[in-house]
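Each of the two complexes below includes chain A, the first together with chain B, the second together with chain C.
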Partner chain A sequence: MQKILRESGHLVRLALVLAAGFLIFMAVRAAIVPKSFGQYGHYRGAVLEEIRAKPISFAGRATCEVCHDEVAKTKSEGKHAGLGCEACHGPSAAHTEDPTTNHAFKPNPATLCVRCHEADRARPKTFPQVTSKDHANGMSCGDCHKPHSPKI
Partner chain B sequence: MEQDMNRRELLKDTGKFVILSGAARVAFKTMQGETVPEPEKDKYKAAEHWWGMTIDIDKCIGCGNCVKACAAENGVPDGYFRTWVERYYVSDDHPEKPEVDSPNGGMNGFPVMDRPDAKSFFVPKLCNHCADSPCVQACPVGATFESPDGVVLVDQKYCVGCRYCIQACPYGCRYLDPRKNVVDKCTLCYHRITKGLTTACVEVCPTASRQLADFKNPNDPVHKFMRENHVEVLKPHLATGAKTYYKDLDGSVR
Partner chain C sequence: MPGVDGFMYPNEVELQWSILIVLYPYLTGLVAGAFILASLARVFNVKEVQPTYRIALLTALAFLLVAPLPLQLHLGHPERSIEMYLTPHKTSAMAMFGFVYLWYLLIVLLMEIWLDYRKDIVILSRTKTGFMRLVYRILTLGSQNISEESRRVDDRVGLIVTIIGIPSAFLLHGYVGFIFGSVKANPWWSTPLMPVVFLFSAMVSGIATVLLVYQVVNKLRGQPVHMFCLDAIAKYLFYVFVIDFSLEMLDLVHRIYESDESFRSLDFMVHTKLYFSQIILQIMLGTLVPLVLLGANQVMKFGESTRRKMYTVAGILTMIGIFAMRWNVVIGGQLFSKSFLGYTTYKVEFATREGLLPAIALLLLPLGILWVLLKLLPPGEEEQTA
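On to the complex of A and B.
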């Protein structure tokens, strides 16, 4: 037995070196790989919560209508019933949190309406379009149409 | 000067120290518990959702509201787009060679072009949130992934900015954020849809051309949409499992 041990000493030493290497690898791995890596797949599971935690800029139509119920009613009866408030008024989450200091954007009908309603052959045929030059004769859209319910 | 340690002893002791300190670190970490933030205690359960998007080509008017809203919601740098709108002109003689323009991603609308000689329409584009995404397969570090609810996301703390995924995406939906040197892309407004809101682009779409779809929700209108219309994904031959479905998509769209 003594003889075998003495003669295979180099193998024992090699095994010890390999074991030490393995332990070091496991220790380094445990130290640098985030705990949640592999929780759902080959990625850091905690990142889902990190992405979810980002703040929002658009409050959403339902939030606007909590206060602006009259506008919501006017809109629901007109052609623009399907539009979200922030489609024209821009991101308003800051406004919903503190309406006195943060005012929602008030668009100018002279430049706003043509974004959707200027005639373009690529637009769907059934969508109401005008060539503003001929249609308005220099007037602003808002002079005749009320944006929340545009039918005259 | 006499040394108290010869080389052999020094090596042996160093080896012992390394092994023991490593083991101690593992033990300490285990005792300490994980440093991962506790999942938010709320009603959202990823396993109950499977997100995608539907786009009705016949309703898109090319106003660019979606592009602007996306940039505002997600802080997209100028000249880069998570979503954009293309205007197609397809001539009768060469339907396989469409002309496409998308000035500034369509963010400020399109210059009026009145060409009666061609078929013309708008195609909004965004990440297709593929179920078998080539970009995820290309990522060497596990920084981009398909979430359990079907959204392709980027872990920007893990991304090394190698750009492999940008090359792998057949739809051109990814870019390298020049401010952070990491990859960025459409998250399907993951921070909004998991709070019960819709995406920024859908919120501002004036004609409801875009709709957020939850395929696991039996009451979602997407089921009716899929049943009653001719729908197609972009580049179906690539079998990426794309989940952005287009209604009445013209064959010329690339």
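On to the complex of A and C.
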């Protein structure tokens, strides 16, 4: 037994090298992995605070409707009632805070409408779709449809 | 839409898993196969394949070192791969595979090679000079003990490592099959037979690699290429290949008989888009021809140089066939629509990050590494022959 121990000194060295590697790994891990990792799940817990601290870019349609009640009314009576204002106007939180200096974006119907209505086999069959080449014949969709109440 | 026949969902038109993902199971397969052949020599003490023992180990190491690279290239951001170890994700099969890989590399392969080469390393650390001396000195870990007794200890421990290594090699490659086999949404992949088929095809390709590498390496080193050794490897290749082929046929028959809702679609694919790579390359050229060549040798006696040629041709065709098999699994599984009503096309790019060029480079890289390893750890003269 004694002899075997003496003759396996190199294996002890190998074990030490592996153990050292493992310890270095654990040290690196302790140093690198963020403290809040795993606090709630497989992600950095602190990230929730960081995301919360980010500036808000969407205001939500309820906010828009406070000032633009006529548009809201037109829209709620038309086929686009279900759409949020910012689905077409883009993120407009800055505009709601100071409407006169931050102008809201006014989308161009010629390019906006086809984003949702261009005929595409992947869309549900019940969704209204047109082939714009045949349907609009080069005119802007806005020439015939009113964006807030599109049904003619 | 160009390249699309019938109906495809929008997210199916472009393939996500490219030729690099074909390469990955191919490379790990070679590792597992080469290692299993080496273990055979050791655990079951098969004298005939002893001359290939060290070459097989070094081949396995060379390919194992390259195996993760196609994944890194495919995913991008290689610096993030360390996260897999730092914050292990216990319910992700792909993430846990990192540990299987690490275990196999450190505990099985490097350990076994080190134990086997320890005597050579110590001797080299005494005879070499300059920088290489330093390298070997570091590799000895500071122990110059190469007494009979210590070698016996090495041999014992090495045997244990090998015995642990065999299931590890099975795990290494079975795991790759598991990843595909467990994608339940994809009928081309989802079968419990997948890990088993992957495993046996891994052994086939690994043994074929050693068959070829052994001849080339010993030619280049000016060492004899023993016919008894080639005969033995060819015999194993044949038997493992027969099992592999039967399993694949079992899978096929099962699919045909079961004929579930995906069958017509997949069957159509095999007869059109995959006809060349599956029927011609994988089954005809890559399986039946080598099986006939190897099988003929089991029942008839050919002259030495004829045998050598037959084995080499069989080996090369096998390598191509197994590559085609990986291709058909990985690419084939993405060519059809989940609606079973349409098919897309995979167009291999050339000099892009996931193109043909990096794929070829990644196939050649292990050979370069093998060359360095053979220089660093020469397999030695005929000391291990039967």
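Definition applied: the second predicted complex is superposed on the first by the 102 of 152 C-alpha atoms of A that agree within 3 Å, B and C clash if a C-alpha of one lies under 4 Å from a C-alpha of the other, contacts with A are read in each partner's own complex, and residues count from 1 in each chain.
Keep in mind that, in the parts below, a contact is a pair of C-beta atoms (placed from the backbone, for glycine too) under 8 Å apart; a residue touches a chain by one contact, two chains touch by 3 or more.
All of these numbers come straight from a predicted model, not from anything done at the bench.
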Which superposed partner A:23 touches (first chain B, second chain C, both, neither): first
Partner chain(s) touched by A:37 [first = chain B, second = chain C, both, neither]: both
First (chain B), second (chain C), both or neither touched by A:121: both
A:10 touches, of chain B and chain C: first, second, both or neither? second
If touched residues of chain A are counted for chain B and for chain C, the larger one: B
Chain B versus chain C as contact partner of A:54, first or second or both or neither: first
Touching partner for A:152 - first (chain B), second (chain C), both, neither: neither
Chain B and chain C contact sites that coincide on chain A, given as residue numbers: 28, 37, 42, 121-122
Chain C residues touching chain A - in the complex, by the definition given at the top: 7, 9-10, 85-87, 89, 106, 111, 114, 118, 140-143, 145, 147, 149-150, 152-153, 157
Chain B-touching residues of chain A, taken from the complex the two chains share: 20, 23-24, 26-28, 30-31, 34-37, 40-58, 60-61, 82-84, 86-87, 90-91, 115-116, 118-124, 127
Interface residues, chain A side, partner chain C - complex: 3-4, 7-11, 13-14, 17-18, 25, 28-29, 32-33, 37-38, 42, 121-122
Residues of chain B defined as touching chain A within the complex: 15, 18-19, 21-23, 25-26, 29, 34-37, 39-40, 46, 58-65, 69, 72-73, 87-89, 109-110, 112-116, 120-122, 142-148, 153, 155, 157-158, 187, 190-192, 194-195, 197-198, 200, 203-208
